[in-house]
Structure formats: structure tokens, C-alpha cells
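Labels run A, B, C and D following the written order; every chain starts at residue 1.
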């Protein structure tokens, strides 16, 4: 690398960054698929809220949710990875990934509640703020990871830093066990990050 | 029978959260207690209500929307309060503070 | 007579006339027919299953429309009051 | 002025559900608890959440103050027009539409229409008040 002049180095870094950004952008879904997924999710929400299977109800619901999904198609589908068929992917997310996530998070939440109970009674705390790395680069994935970290035992996200290739999380740990970044990352994140990589980029 | 277990668990978790808020030393550790015990207690009371409610299945599912919104918004609010406290200069107690060392 | 005194006189007259109309009214509760009994008995007349909405939007629609206009006036007033004078 | 990444994304993820819920309360006001005013408040809150999280400057091209003023005025006028159409059918404030079947979404004559108008009007009105308060920053 020392043979490359300094003024070329910046250009090369810039080109690399742009290629990386393009590769991330190309993983996004096209617009009609985003609209379709939003419509599907809002339709499920409408059926749950209105709690009736009459044809008038279904007709009104489909019209209303179609208009809302045309207006707000980018709100929670903007960062879903595009790979494979849409229908298969949606069904897999609904039937496989979301129950899996709920199953993992329910037990982690119970464990974290019991841990807070233990800390509140014995006051054996050793707090500190540590920094961990993450492989997720999209906003939604990082947000769900941070919210899950807040609900898992003993940790709470203070801030996230999202740059193009590296995203970091600052985590307040109520009982600091290790200062090493990789070890702390694997202890804090657990298997949630692996799960989130299935859906978000 | 099982609904009483969930209801009792929820009440115990809420009480523990309030004890934690009173006993922990600074803002960040108190937020730990309030966030987790609030979310867990509210969700377990909601599960108990779902079992108890005398309604068709389709109406019982409505409780899950409350649970979804609580689980979505509660961690976000804890994060916003913690970040705001750190930005306005509340020093966290403890052995290490990388967030302040990185210049935020 | 100045303008201020005229305003005070008009206000006093309004209050006195309101008192003249409102105070002699019959406020004791009549035992034969209370209003909610009428509402519950004639529920089917409106044709909606939410009785509160039936009262608000059919039997007392006059009240609701004027209430919406009052909200409109409130928005207008706060918009004019909170206008930034520096611009 | 913009809040952090997590707050922005979470409000983005929650807001379509809030909008759908407010439209549900607006359209089903004659069947379930709720009505126009409550639906309008939820609608305004879902937009105010997005605006406080993302910063009002960044949303200037998507939501516009003029639209809200226009919606509020149009809805106020259409409520007045709707209640005075009843004069043709017999009396002022007369429910002139077909009542429909008891307990279905499309029933009750003009009560759903009244709910929709009031909901949009209240939501737009709260947005106008919010913009008026925002001008002091």
C-alpha cells in the first residue's frame, strides 16, 4: 500500500465506499413488494382489531389498508433483504422466524426480570458502559437488535453508531464481566443477531 | 388456575421494579429496573387477562396488540431517557465509561 | 357614556336576561320519564349499535355540530394568538 | 433537530399501525366505543410523533401546513352542508340516508360520514395548533 500516492488513496477509499453502498442498496426490495408486504401486515392488524369476518368488513379493510400502504410503504419494510420469492419469504417470516423470535425473547425477558429482582435485593452491581460491534448495517435491524438487548438480562443500549461498514452499540451493563469487545459482544448479543440476519441486511 | 400464576407473577415483577427504582444508585441502573420489570409485568398481566376474558378467540387476540406496542415502545423510551441523561451530563457510576471516552 | 361603560352595560343586561330565563326553570327531577329511559327504549330508531354515538350524532346532532364549530373557532383563535410577530 | 437512530426507526415502524387504528375508530365509531374526536386525536398524534422524532424541517416536503388548514376548512364547510341537506328531506339535521341493517359496518345513515368529517377536522386542527406552537422555535 505504501506505493500508492496519498492523493489516490482517498479516491480509492471513496470508490470502495460507493461500491459498498451500491451493494447494500441493491439488496433492498422493489417498491411493489414493499407495498404488498405492508398491505399484508396491515390487513392482519385490521382483522385482529375489527374482529369480524363479514364481507363488508373485509372490503372496507382491504381498501383502507391499501391506501395506507400506498402512502407509507417504506416505513417498516425498507430494510428487508431481497432474496427468493416474495410469497415464500413472507410466509417464512410469519410462520417460522417471528414465532422463533417470540420464543427466544419470552425466556430472555423472564430471565432478565428475575435477574433484576436478584440485583434489587442483594445490590451486587458493578455497572459500566461498554462498546460492542455488530454485523447488521440497516437501520431497522440495528434498532430491533438494540431493543432486544434492552430487554435481555442485565444490559441496556445507550446509543448506536451506524456508519457504512461498521456499526457499534454502546451498552450499559449492570454487571460488567469482561472488557474484551468480542467476548462482550458474543455474551450480550447471544443468538439474536444471527436470527436478525435472516431478515434484515 | 394458570391465570392466577401469571397475575401473581406480574404483580411481583411490578413490585420488584419499584423496589429496584428506589434502591439502585443512579439513572441508568434505575432505568434497568423500570424498563424490564414494567415490560415483563405488563405482558404477564396481559397473558392472564387473555386467559380469563370470556370472549371469542378473535377478540382475545386484541390483547396481543397491546403487548406488541408495549414491547416495541418501552425499550425505545428507556434508550431515549438514558441518552438524554448522558447528553445533559449525568455521570454514570461504575468502573468504565467508554461512551464518554469516545467523545459523545 | 364611554365605550367601556357601554360594554359593561351590555354585559350586565345579558347576564340579567340569562338569569331571568334560566332561574325560573323547573329543575326538580320528574319521576314519570327520565331521558335515558327514552333513549334505551327507542334504540332501534337510530339503527346504530353504539348508543353513545346514537345520542351524539342523531338525537343531539345540533349539539355536536356546534361543538365542532367551537373547536374550529378555538383552532383559529390559537393560530392567530400564537402568531410570531417578529416575522 | 433530530432524535437518535433508534427513536426514529421505532416511530417509523409504529406509525402505519397507528394510522390504521385511527381510521378503524373513525369508520367504526357507530359500532364500537370511540368516534370522530378520538380518531382525530390518534391521527394527529401519529403525525406529531414522526415530526418530533425526525425533525420538522426534514418532513417539510412530505407534510405541509397549508394542507392541514385546507382540510380543516373543507371539513368544517362539508359538515354544515351535510346537516343542511336535511332541509330538502323535511327538517334540519335530518338523517336522510338509508339506515341499513343494525350492527353492520355500512349502516346508520349519515353517522359514519359525520364521524369521518369530524375525525379529519379534529386531526387537521390539532396539526394546525402544533404548527402554530412550532413557529416559536
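In this section, a residue touches a chain if its C-beta (ideal position, glycine included) is under 8 Å from a C-beta of that chain, and two chains touch if they have at least 3 such contacts.
Quantities reported herein were computed from a predicted structural model and do not represent experimental measurements.
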Key: Required steps from chain A to chain C (each step between touching chains, minimum)   = 2
Remark   = Chains sharing the largest count of C-beta contacts are A-B
Task = Mind checking the centre-to-centre distance between chain B and chain D? Centres are C-alpha means, answer in whole Å.
result = 31
Key: Computed distance of Cα centres, chain C from chain B, in Å   = 44
Query = If you average the CA atoms of chain C and of chain D, how far apart do the two points sit, in angstrom?
reply = 23
Task = Report the inter-chain centroid distance for chain A and chain B in whole angstrom, where each centroid is the mean of the CA atoms.
result = 19
Ask   = What positions in chain D touch 2 or more of the other chains?
value = 4, 6, 10, 13, 17
Task = Give the residues of chain C that touch two or more other chains, as numbers and ranges in rising order.
result = none
Ask   = What positions in chain B touch 2 or more of the other chains?
value = 72, 76, 79, 83
Query = Touching pairs of chains, which are they?
reply = A-B, A-D, B-D, C-D
Inquiry  = Looking at the complex, which residues from chain A come into contact with chain D?
reply    = 38, 42, 45-46, 49-50, 54, 56-57, 60, 64-65, 68-69, 72, 75-76, 139-140, 142-143, 146-147, 157, 159-160, 162
Query = Across the complex, what residues on chain C touch chain D?
reply = 44, 46-50, 52-54, 56-58, 61-62, 64-65, 68-69, 71-72, 74-75, 78-79, 82-84
Note = Residue positions on chain D within touch of chain C in the complex are 29-33, 35, 72, 76, 79-80, 83, 93, 95, 99-100, 102-103, 107-109, 111, 114-115, 118, 121-122, 125, 128-129, 132-133, 135-136
Query = For the complex, which residues does chain A have touching chain B?
reply = 45, 48-49, 51-52, 105, 109-110, 112-113, 116-117, 119-121, 123, 125-131, 146-148, 150-151, 154, 156-159, 170, 172, 174, 176, 179
Note = Counting only contacts in the complex, chain D reaches chain B at residues 3-4, 6-7, 10, 13-14, 17
